[in-house]
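Read the structure below first, then the notes.
Letters A, B, C and D mark the chains as written, and numbering starts fresh at 1 in each.
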Amino acid sequence: MSDVTPTSKPDQPEDRSSFVADVTGVGRIDWRSNILIPALAILSALVVGAIFIALGDLDTLRLWGSDPGRALSETFGTLGDAYGALFRGALGGINPISETLTRAAPLILAGLAVAVGFQAGLFNIGANGQMLIGGMFALVVGFQFDLPLLIHIPLAIVAAFIGGALWGAIPGYLRAKTGAHEVITTIMLNFIALRLVDYLLTVKFFQLEGRNDPVSKSVLDSARYPKLIEFINPRYRVHLGIIIAILVAVGVWWLLYRSTIGFEFRAVGANPDGARYAGMNVVFLYVAVMAVAGGLAGLAGGDQVVGTLGRATSGFSGVIGFDAIALALLGRSHPFGVVAAGLLFGGLAAGGQAMQATTNVGIDIVQVIQALIIVFIAAPALIKAIFRVRAEAESAQVSQGWAT
Amino acid sequence: MKLELKGITKRFPGVVANDHVDLEIETGEILCLLGENGAGKSTLMNILYGLYSADEGDIVIDGKVQNFAGPGDAIAAGIGMVHQHFMLVPVFTVAENVVLGVEPMRSAGILDLDEARRDVEAISNQYNLAVDPNAVIEELPVGIQQRVEIIKVLFRDAEILVFDEPTAVLTPQEVDEFFKIVDKLKQDGKGIIFITHKLKEVLEIADRIAVLRRGAVVGTADPATATESGLAEMMVGRPVDLMVHKAPSHPGEAVLSVSDLTVMNIQGRKAVDGVSFEVRRNEIVGIAGVQGNGQTELVEALTGLREVAGGTVLIQGEDHTDSNPRQIHNAGVAHVPEDRQRSGLILGFTLTENFVLDSYHAVPFSEGIKMDWKASREEANRLIEEFDVRTPSSEIPASNLSGGNQQKVIVAREFGRQVDLVIASQPTRGVDVGSIEFIHERIVSERDAGSAVLIVSTELDEVMALSDRILVMFDGRIVAEKRPEETTNAELGLYMAGAS
Amino acid sequence: GGDDTAETTTAEDGGLICEVTDVGGVDDKGFNASAWAGAQRAAADFGAEAKVLESQAETDYEVNLNSFIDDDCDLIVTVGFLLGDATQTAANANPEESFTIVDFAYDEGVIENNNVKGLVFNTDEAAFLAGYAAAAVTETGVVGTFGGINIPPVTIFMDGFVRGVRYYNSEKGTDVQVLGWDPDTQEGSFTNNFESLDDGRAFAQSLVDEGADIVMPVAGPVGLGSAALASELGTFSIVGVDVDGFEADSNNAGVYLTSVLKRIDNAVYAASDDALNGSFDGSLYIGTLENEGVGIAPFHDKADMVSSELQAELDQLQADIISGAVDIKS
Amino acid sequence: MGNVTAVMTRPTDSRSPAELRRSRVLAIVYLVLALLVLWAFGFGSEGSATFVISRPGDAIRVGDISVPGAGLAFVVAAVLAFLGARQWMAGFGSKTNLVLAIGLGLVALSFLAWAADGASFSLVGLLQEAIKRAVPITFGAVSGLLCERTGIINIGIEGMLLGGAFTGAIVGSTLGATAAMIAAALVGGLLALLLAVLTVKYRVDQIIAGVVINIFVLGLTSFYTSQFLVANPALNNAPIMRAFGIPLLADIPLIGPVLFDQNIFVYAMYLLVAITTFTLFRTRWGLRTRAVGEKPRAADTVGINVYRTKYRNVIIGGLVAGFGGAYFTIGSVGRFDENMTAGRGFIGLAAMIFGRWHPVGAVSAALVFGLADSLQVKLGILDTPIPSEFLAMAPYLVTIVVVAGLVGRSRPPSDYTAYVKE
């Protein structure tokens, strides 16, 4: 952050994008707000999450009345097992790390889709729908053409981007031309994309030959993202997707902070009137932003279809598109923040899977912990109050209401 | 009633806004408070009104120390305030705004708006403050909005009334009108604290004058003996030249030619109605008028921000009717917009980013789609230097600058390149005398360097001082064209009010 | 499941039965639950342990399967066509492991080591009976059905049901109408989800508005919403699917005319038995009326609606279907 | 129509270029619709459709209405063509949206007649269901607008509904329906308190706070469902609020069964809309609430406690959403299932914006969605050649078309930046 304390006058609009300042390449990084606070936030979330886990264990709860001592040790036993499994499942070995990375890839890409929207003042809740359409585009390229790997994979990636971009451009266009709010239109387009995929999976062209199930044809091997460490053990799933995700994040960073288009995106996000005054074409920018955002989500869909799954089924995007909102918020809409948040959430997902496999604690608790992490990171004042940390962290302001 | 402020101190992060301020006022007198931008006048008044709490010091009324937890307490103690930025709810009616917080009621929580309307009418008759209680605030001109603010204060039975820069937005006639009201209030035994940057007004109306600088009272003056330049020096701490010095103009060929221009406002009504004029090289043309008579729409149409409904705009002979802002920028036009925070700046962006806001797409600031931040930063530092923008670095957000310095950033950006036409709206709004002096100088030197300059301002003094030619706008039309040396403020004021 | 948690049923080291659910989860009141019931029953009877892993998303199938392969399960039960690919891959990579998959049949030669037992069910045979019974007892002359998603495991119920009604019409010269499904165009009424119980209510209401007094929801837990409406209105009955609604949905037991049973539990039980006792083979299992893999549930509270003649006709029809004398596909 | 004639007698067109453009676009839309109706429904129908407007057992029975699909289509197409021509030449001024709504309504009617060609279907059932489906959406939308009117965006409606549904099921199963409704409202209120603390006290970005509430509640209810409810079905067996007719009113043909033979949640919805409309625009509380939303500093300067007002209203909004959430369990099916709100909260948000932050607007928007939703259910059992997946898209498509076409830019009533007092 800067050396000058912001003096926001009461009659001036709040400075909502102060975090942008430290990424244009200037200013020093404050380790307290960028490392200490997030670490403490995760710690706090785990502690509060533990309370919810304990409350979910009825038998032990009953024990508190009769034998508090044993109840205490059982509670701690359960928690230790659960968090131990969570941690081992995320980081405890090659396979857990491979799983974490596999899961992080689509999260990062979808998170970027939401983050780019935020940077341009648009709230893209539609990552899920964009993923679905992007994935279907990649799917068709993946099973329809028989090409050499070096052409086929890039082609599938481009197709995924285009599919998502087309779907994303619709709300952008509607917002720019009719004022229809993107929050509404993206939500509706999610539902529509979901049904559309359901329908397409009943069409012979897409369906797996010889079956009537809503399962698509499989992507040809030449279009599948190669697994990275298959040579160690064929089970290690981590594939090209994570590399693509990180490269794309760098690309998005470059686009946002080093290119004229990114300057325009950020300008229109921070102040559309100012952007118009500066000669930017706001209508075009809204469409462009949403197309880029949609394209990024499309890549996440592509990662699922030609990366992890190799085919499409009903609702293959899962809830990644919604987790993406949390990720973008957590990463403060900065591409590198999103990468970090994506790795964190990927780890939680992989660890949660391991936790359900080895303990009695349901996997849904992971979602609760995710929500808690976001709360604590979004409200640094809370962390500062609890741990008495001195840091200049400010609460992130990424959205701007409904301002049209 | 006697009100005393004793040792009031208020600190904001990095600033001491008030530094042990002592001040007193009694009912039946008018105290004028002067001070440059950021001197702490509004802060002091907000403390008095219970909006801010002081870090140190006491508010004493008739010998009793008060403890204001909020404006509610201040109101109860007989203090009323008309804020620098009006505190009216734009979508509410006059009556609703007046009674907000002390609503008359039919029964259990149900509003009695008829009663509210009658109350408003009663007060407006008593003090000659004509307003329609059913009118919606956002549709009223600022002059009337101010009357609503005054009625609001009177409705709460205030004994001491604070006016924070009330005349900044009024026509000379409205100012006269306002002074009559203030005088009547004084006759009725109210005490008045009056804040303004216009030294002439101070000498006209004050009973006592106090001057603030950097949060502290630096002196008091007697209006009978004080002079404008004396007060200005006391405010800024150095001698200020209040005159604009410029040589007579020798206009060249027309750079901007507007003929029969018609523009609609947001509601779809004609805001600019068949306006024609020219601005020539080496000439400053000033457009005077009360806010809301079509100047905003005119400038937006000229700069490509608003659709033209009829007529043509030529810039250096080329047709730029309905060109977009980029094309107009590229045609050599600089634009200082009316509302710096809404459109002139992106507050969250750094100064560097703001300095290249409208030229980022061209060499040297970018090549293809790659931004050149190094070149941009160099430009930023050059402009900061040349235009004396007070900032610790070019990499802090524009929101961290004071209003005057924010305005300088815009002026620097727009005047910092070679242009043929300058369009400046309210170039010195809310800026203190020191910065005004500087901006006026720059405008004149633009003219002398060969640009055509169009100034739109609601400050008559500014228009009179800068312009080589003055156009008065009323209700979307140009109703008068005068040279400054052949007219007076009073005459222009009549035109601005619709006389023809 | 009836145990305290749906996680494990512990026993000494008598073996291990493992289930990987599809995204519906183990408490889906549908095939995941049914398979789990079979696995648990087998574990209890043979002194083995049963374990389940729920899949949250498509991407979990592979991981869950691998996790069980590491656990050295005696049998891995996978549920639903979505797991077809993953099970195939796992089976081919682990020839020593035994698998069984519910609602899925592989083509010849796909499974290299013959170590996957497909479990499929001719539910249309049973639904045909239910349709016949519904046509016989309807008072309004209108019955209805709706599905979750337009996919074969769902529509096979609807096909059988509609054809059963048509058969009744052709036998008796009646004109009982079926709303909500047309076996010829394969289009009809679908909630497009297996979650919203409120949809179950709305779709049933809509059929009742058009005069239906018997409704067969084929949408997993969504049907519970229809049953809730039936018990509120008291004007129509429900034909349950998969399991006997009278027992499974005890809150609304009285509204079930009958249920089209698909004994996934029995099939899984049998496969577990084979696996634990060393007689596992990879042949396809087809549940039919004949082997009691499918059937219709008793009429329970609605028995008074069913005359003894009708019961006799149903018994005869069942025999004819088994013998092939009645063609349920037309 | 006075101003239309006035417009027409003027020598020149007084419409602004933007208006003119919109007029032309709309005119083309009308003409395209006219052709579509003519071609698809006019030549595609042979028999007539029968709309049933009373139910078996109604006190006053009214005959069914039989409509020849082709005839209706020709009439509708002619009307649309006329509207299009009129729109092109003169426009409808302030009535543009109303006329468009009527036009679209006619298209829908013609579509129905075509879909039900040669069959009959229950209009009462359709409308009754439409109202039911509007219930949770309305509660969500009103909850949202109560918060937004004081300057707090509530993206967490979905979570509050879900929390209410979960609580409703558990408390309903143990303590009965009344307690369930109260508890559900309280849980909604508690979540709202969290939203208020985060946004007002800790100045967390409002959208972050709302998203957090959604994730948190979804996670927690799913976790406890698998942890408790599956193992203890008795905890998930709540009573269902049954429909009851309001004497006399329920006997009015068509209107009676549609509006006045419903369960308590529907009546609560009517009350909610009436009460919030009255209080927001006629009482001191409403005036102060709106003032705080529109311009908090102005409210502060007249002695209104901005923070307290925000807290109070957000909590009231939460109570409304929590109560509305109970509809899913005790108002409909008596049991909780994971994520059973299935996005209704977000649709409530859309209804709020579409209804321009006014309770009556919100309920109207919710009804549009409810109608599209119930139509979709209906069409599945009529033999239309449209695949069910596309029918299921209808409500969402309608929402997009309406929001983009009819509403245009709506201005929020609030200043959403965190209010900072020194």
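The rule we apply is simple: contacts are C-beta pairs under 8 Å (C-beta built on N, C-alpha and C of every residue); 3 or more make two chains touch, one makes a residue touch a chain.
Quick caveat, the model's predicted, so the values are computed rather than measured.
Looking at chain B and chain C, the chains in contact with each of them are A, D. Centroid analysis (C-alpha atoms only) places B farthest from chain C.
Summarising the inter-chain contacts, the pair of chains with the most C-beta pairs in contact is A-D. The distance from the centre of chain A to the centre of chain C, each centre being the mean of the chain's C-alpha atoms, comes to 37 Å.
Chain B and chain D have Cα centroids separated by 44 Å.
Counting partners per residue, chain B has 12 as the residues that reach two or more other chains. Listed for chain D are residues 226-227, 297, 387, 389, 392, 422, each touching two or more other chains. Residues of chain C in contact with at least two other chains: 4-5, 150, 192. Chains touching one another, given as pairs, are A-B, A-C, A-D, B-D, C-D.
Contacts from chain A toward chain D in the complex involve residues 8, 10-11, 13-14, 16, 52, 56-58, 123, 125, 174, 178-181, 183-185, 187-189, 191-192, 195-196, 198-199, 202, 322, 325-326, 329, 362, 364-372, 374-375, 378-379, 381-382, 395-404. Chain A meets chain B in the complex at residues 2-9, 11-13, 15-18, 20-21, 24-27, 258-263, 266-267, 270-271, 273-281. The part of chain C that touches chain A in the complex is made up of residues 4-5, 7, 53-54, 56-60, 62-64, 66-67, 81-82, 84-85, 93, 107, 149-153, 192.
Residues 58-59, 99, 102-103, 195, 198, 202, 210-215, 218, 234-235, 237, 304, 308-311, 313-314, 316, 318-319, 353-354, 356-357, 360, 363 of chain A are the ones that touch chain C when the two sit in their complex.
Across the complex, chain B is touched by residues 16-19, 282-288, 290-291, 294-295, 297-305, 413, 421-422 of chain D.
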